[in-house]
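Right, one structure below, let's go through it.
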């Protein structure tokens, strides 16, 4: 069994007086130790809601969560994160599960020194106090690459640069060596050069500690450089799930195909038009009526309106290696004029653009 | 920090100077002219002549203003028309009573208002929230003096639970040290006198607290709602911290910032509230004194009070700003 | 069978096209239209607006439907103040008599008009002068360069001075100069509102002035006058309009306080709730209801305005829009 296996996760927002909104409708995936799994999609596809649901950080009221998220405990048994009681969840967050957020400035408390924000987690889960906690905090800051850590501990978030703040947030997240780390767009708010450094740091942490990393992003460059497995989300459902290489080599779902095709390439001829996916995530139909992507799809057929397609093996692929939710998948064709092999080979975060239109 | 204080104090000077100019002009606009206004109706012709001499009414305006200011900085606010005593002495005599009452009012507003606002925000839309918000809306709409009469009629006159007049029961033989009766009782060990003084403070204190309380509840509630939606609270939750730590260190420390500013701004309404409530309870503080001064047009007293209040208001808001900069590091930097 | 299937599919495609097209028009809609829609669905606004409507109708028709002459001491000999004999509600006088033997109900009905008048005139005064000062100050600071900054500093110093005084005290000092009359109360209460309106409009204009569309307009060479009057000012008025509603409530309460301090309208021929309440306080222990009627009138009216103002504030708050 994997460290975390999410099974048919659904999240529904039930506002008073308004129609229920299915933010996540039946998402399944799993993450194992030392593995980096990507959840990819444009904003509004449900990826952040998925991460918050796993952490138990969604508001209690107006939200209905269904499905299972089994987390293997240290003893070898498993516990469902979605039904866990509040205090049990609090014990898990920090030493077992931790999360890194998107906007480092707003995610840090502006009126509490960095040091306190790091030591409070050590005090809570490790019982460390006073000098021991401060030393450990300084050590953590040093490990995530913050110079002069003892001075930084006394400073406030507004005194740090954007990259430093994200490093500080990562230091807090890894303070108790969690077994699963969820990173929700950890580099979106940062400069491109800093992005690469932060990704490098996350990679090191995974390699050194065998931490499982769930990487939530819309940036295909991040996926290409970091993830072992990739799940592409659209309108609350996984539309394609595969290893990094097969996905980049032959994206089968028209959405994933479009995402990769919309990346401008340095070697494309000058003046060649960009190749975006038309419409926006608002142009959708309910999954019950057919494929939610159909209104934006270049390949849709009438069959696309016969209820939600199932997530099934891609014809020709090994069983369970490459799943796609499409009745008319794109076969054996690399997106754009792309060369399959080098597309996924290295970090290209500086040449990629936000995939969504 | 010291530089901040000095800079803020220097900023106060033009405001206060401007205020004295306005006050000076105000005195000259009073019906009957400044001399008779400052002396009252019963003054003799000789008195009036003497006052005109003292004010230098035959001199140009700026000389008059200079003379007047010279006396002001020596704390010479003139004499009360009614009592004939120096206004400054009348104030210092009654000051402790009003401070005691104002502190009671602020304490009630803060001690009740902040938790109420907090829990209303935690359970938004729940019965406590709806009750607190409705009560605070009604609270600002009740004329303060009417509430004072109502409280006195119900709790003092009809139910007899609390005293209806004064600062102290007759028959209590308390030693006066500072003039703050509650404090005096504690200092001299006469705890029954403290208790008695406290009982006298409750009803006027509640009446006085009504508007500040309503405001504090609503500001706290709005502020907590804002902060609960902040990313850093989610971060704190994601660290698995105890609820107590999340609430105290991460929610309240941020949510209280606007509340502190508001409490500072409320001092003004608190002191004018004292003018409306003290007389209802025959509470012998500055408020009742001013109430009578308004009745008989005791202008030196009114003038002194306006200056007095303005100074207190700016000083308290200076203190609030300093407290704010102690809590919020973002302000401290420049 | 096949035809059936295809028509249903055609329907679906039509629906699909429709869905895709509708998205273009569904969003949009101006801020004010949106705010009005939210206001209409707000329970608070409904109650507040209802109270306000009833109050205004009473203020208009009050003098005609009053059963008795509100100023005539028709039952003077039935009330004996020094023996604590007061007359409560009865068939002829639904709300009883006041301390001079006048019909309370008639006084309440006629008084509604005076009370509304005080509130409206005072608020109007505060609004007009406040908007002038605040608008000038905001425009000068945002678009007037160095000289403008100086204008703003001077104006705001004066406004801050006025804010440093408790409003009641400011009103009392004005009343002291002007003497005791209804006009005095209106002016005193109105002047107190000026700094609030001025500060509010200035702040709101400054926020607008730093918006991107203003920058764009300036870059395009649109004249400053036009930017201020055509864009910044209209877009800044939201909070000021909300404040107007809230100020009506404050004005009515402040007017009552001034009356209590003996600065209200001395003219017995013009009953006003604040004055009625102030006079009734003297007999509070013997005849509390005499004070309760005008007090309730003031509280309910002020509450109505406050509820409407709060609902408007919520409707206009971009943070609450979803």
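Chains here go by letter, A, B and C, matching the order in which they are written, and residues are numbered from 1 within each.
Everything below uses one rule, namely that contacts are C-beta pairs under 8 Å (C-beta built on N, C-alpha and C of every residue); 3 or more make two chains touch, one makes a residue touch a chain.
All of these numbers come straight from a predicted model, not from anything done at the bench.
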Per contact tally, chains sharing the most pairs are B-C
Report the most central chain, judged by the distance from each chain's C-alpha mean to the global C-alpha mean.
C
Averaging only over C-alpha atoms, locate the centres of chain A and chain C and give their separation in whole Å.
50
How many angstrom between the C-alpha centroids of chain B and chain A?
54
Whole-Å separation of chain centres (CA-atom averages), chain B against chain C
26
Taking each residue of chain B in turn, which ones touch at least two of the other chains?
none
Of all residues in chain B, those that touch chain A in their complex
230-232, 234-243, 245, 249-250, 253-254, 257, 327-330, 333
Within the complex, chain B is touched by chain C residues 157-158, 160-161, 164-169, 172-173, 176-177, 179, 249, 253, 256-257, 260-263, 277, 281, 284-285, 288, 291, 295, 298-299, 302-303, 306-307, 310
In the complex, chain A residues that touch chain B:
55, 57, 89-95, 98-99, 101, 103, 106-113, 116, 120-121, 124-125, 156, 158-159, 169, 172-173
Touching chain C in the complex: which residues of chain B?
14-15, 18-19, 22, 26, 29-31, 137-138, 140-146, 149, 153, 157, 268-269, 271-272, 275-276, 291, 294-295, 297, 299, 302, 305-306, 309-310, 313-314
